[in-house]
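Chain IDs A, B and C follow the sequence of writing; residue 1 opens each chain.
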Amino acid sequence: MLGNLNIRVIFEYFPALWQGFLNTLMMSGLGFAGAMILGIIACALTIQPLRWLRAPAVAYVDVIRATPLLAQLYFLYFGLPRLGILLPEILIGIVALALNSGAYVAEIIRSGILAVPRGQFEASMSSGLTYLQRMRFIILPQAIRPTVSPLIGQAIVLVKDSSLLSLISVVELARVGQQIALDRFMPVEGLAATAAGFLIIYYMLKALAALWSRFNRLPGQA
Amino acid sequence: MIRFQGLNKWFGNALHVLKDIDLDVAKGEVVVVCGPSGSGKSTLIRCVNGLEPFQKGSLTVDGVDLGAKGVALRDLRMEVGFVFQQFNLYPHKTALENVTLAPIHVRGLSKTEAVERGEALLAKVGLADRMNNYPSQLSGGQQQRVAIARSLCMQPKIMLFDEPTSALDPEMITEVLDVMVSLAKEGMTMMVVTHEMGFARKVAHRVVFMDQGAIVESGEPASFFGNPTHDRTRDFLSKVLHH
Amino acid sequence: MFWFQVERLLNYWPLLLKGLGMTVSLSLISLLIGGVIGLLFGIIRAGRIRWLSFVVGLYIDLFRGTPFLVQVFICFFILPSVGIELSAFSAGVLALSNLSACFIGEIVASGIKAVPRGQSEAALSSGFRHWQQLRLIILPQALRIVRPSLVGQFILLVKDSSVISAIGIMDLTRSGWMIVQNIPNGLLIFGVVGVGYFIICYPMIFLARRMERRNQSSLL
């Protein structure tokens, strides 16, 4: 099967593949930025005491987590025009990615804050720091540290999920691979090139996570 | 029964944890090993059942040469009981199951036989009413007594204790030591790493003092406690005795 | 207009129910197959045979690093070209089982590594054989530790199964896609589809959370 891999086709389509690769990166980047903003807001709302603000945030996180991205994507793709909102597919895709990952980001950040031992809150309160000082100097530094690796993990998920945008005919890496497969009846070449592109991003993000945890370990931590 | 001859062990290349250890433990003898933390006493006792490999010298246990290639460690371990500082009971098994698991699966005892033996041993360590409790439902002292019964249920020839009371609250130390004392009186061959000098004085045939990976001094309890020859021993004893 | 669409949607009710059934059976079959293979993967990954662990690790990475959609296409388009003809359903089950085996493998390996070292030392000291140690002492504890993650994995499986609709499997998502071609109201149709997934997944999210809380308290 690999013996008669047609490398020429991959070269021929290289500009298209490269464009797809860049599109995947761009959409993932924007999607993740949106997810971080949404996630931080949703998390802030779920841990504050006002019930009427908490309920919608909790509902958002739960609904997103209990339904597949593809259904969410179709919901927006087939649904937004109904509301008179006409957006280009690529924008719908980015919004769907951000909405989806935002819920997971909210959960990750929340568990980071919950993981700070109660004693830290009590100690920082007893030392007379104000609420903002407590958050800034004591709680957040400890809460953020354990969230970095899971957040990079979520970024990996998002990059892979962005391939679903090909199903609403956004041109990205997976779509170009499908084109090679269908135009030239060369599924092996097309899908191998696609897979390779995603693996490059995957290994780069994985290396980033490894680097981070190597250089940000507290002394004495395993 | 246990013979160390010129045994040396390194962790990696730099850390020389055991230096030229020579030590004999006869059948039925009770040897207490003491010394400051980091002196290598736990590593020493862990060598005896092959939990730690060593690089130089020889160690013979019950006729088995542990330095030899392809040594049947499993067969040896069936004859050597080991009690850990942290108990290491199996948390998903009841006290009785903890005790009978190895006799059934390693010795091949029938379940009824193993249960009979296990119940007798748990009763002996004073836990007849706790057999069906899980480790998380037992106090530290009770857990350690289960751990001792677990080792005994294999009917070992040698019992090794690695700081068996160090993880216990003070009020529970006695109940564990009592079990060990009665075991010693029955003639079990024992090597015990501990800071409990009262126990050493009462039942040990010999006390060994280690520091920085080497055996500094060893002798019968009377002379060891009454007339230690080395400054380091005296220094150590004054720290553990005057508290 | 809206109520008219709802009425028409009611005609498609059987299609949606069948789609839901397909989603559930795809997920369950893949969970079963993936669970068995994943357990094996996990044992190998946490095991002492270095080269085998490396090879399995590489295999797992390949599938964790590529989009599931691409994997589904590989099963559906490439395997036939090397002479393995699969129906869309078998291709879907193959892709989904394989994916879940990879994720479950990593979960099980992490569970095995999370069992304290003292447990295997104690087992070793009692003379257990390697596989006895694994079966009687390590695995029962490891599986208890990772139970919430396994439930979480099943939730992912249910959601990932929607991607298989891309090769024409009539699952819940696909039936929504079919209906929306006739009733042009994406909000309504995919709202209903979403409810279907929610009914399956939400109780499990709840369960996973409860297990996690119980695990934490039992570790204290």
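Going forward, a residue touches a chain if its C-beta (ideal position, glycine included) is under 8 Å from a C-beta of that chain, and two chains touch if they have at least 3 such contacts.
Composition by chain, UniProt nomenclature: A, C = Amino acid ABC transporter permease; B = Amino acid ABC transporter ATP-binding protein.
The structure presented is a predicted model; accordingly, all values stated were derived computationally and were not measured.
Considering the contact criterion stated above, no chain is in touch with chain B and with chain C alike. In this assembly, the chain whose C-alpha centre lies farthest from chain C is B. If each chain is reduced to the centroid of its CA atoms, chain B and chain C end up 46 Å from each other. Separating the centre of chain A from that of chain C, both taken as means of CA atoms, is a distance of 19 Å. Rounded to whole angstrom units, the spacing between the C-alpha centres of chain A and chain B is 53.
Across the complex, chain A is touched by residues 61-62, 64-70, 73-74, 77-78, 81-82, 155, 158-163, 165-166, 172-173, 176-177, 180, 184-187, 189-191, 193-194, 197-198, 201-202, 205 of chain C. In the complex of the two chains, the chain A residues touching chain C come out as 1, 62-63, 65-72, 74-83, 156, 160-164, 166-167, 174, 177-178, 181, 187-188, 191, 194-195, 198-199, 202-203, 206. For chain C in complex with chain B, the residues that touch the partner chain are 116, 118-119, 121-122, 124-129, 132, 136-137, 140-141, 144, 218.
On the chain B side of its complex with chain C, the touching residues are 49, 51, 74-75, 77-78, 80-82, 84, 86, 88-92, 101-102, 105-106, 136, 150-151, 154.
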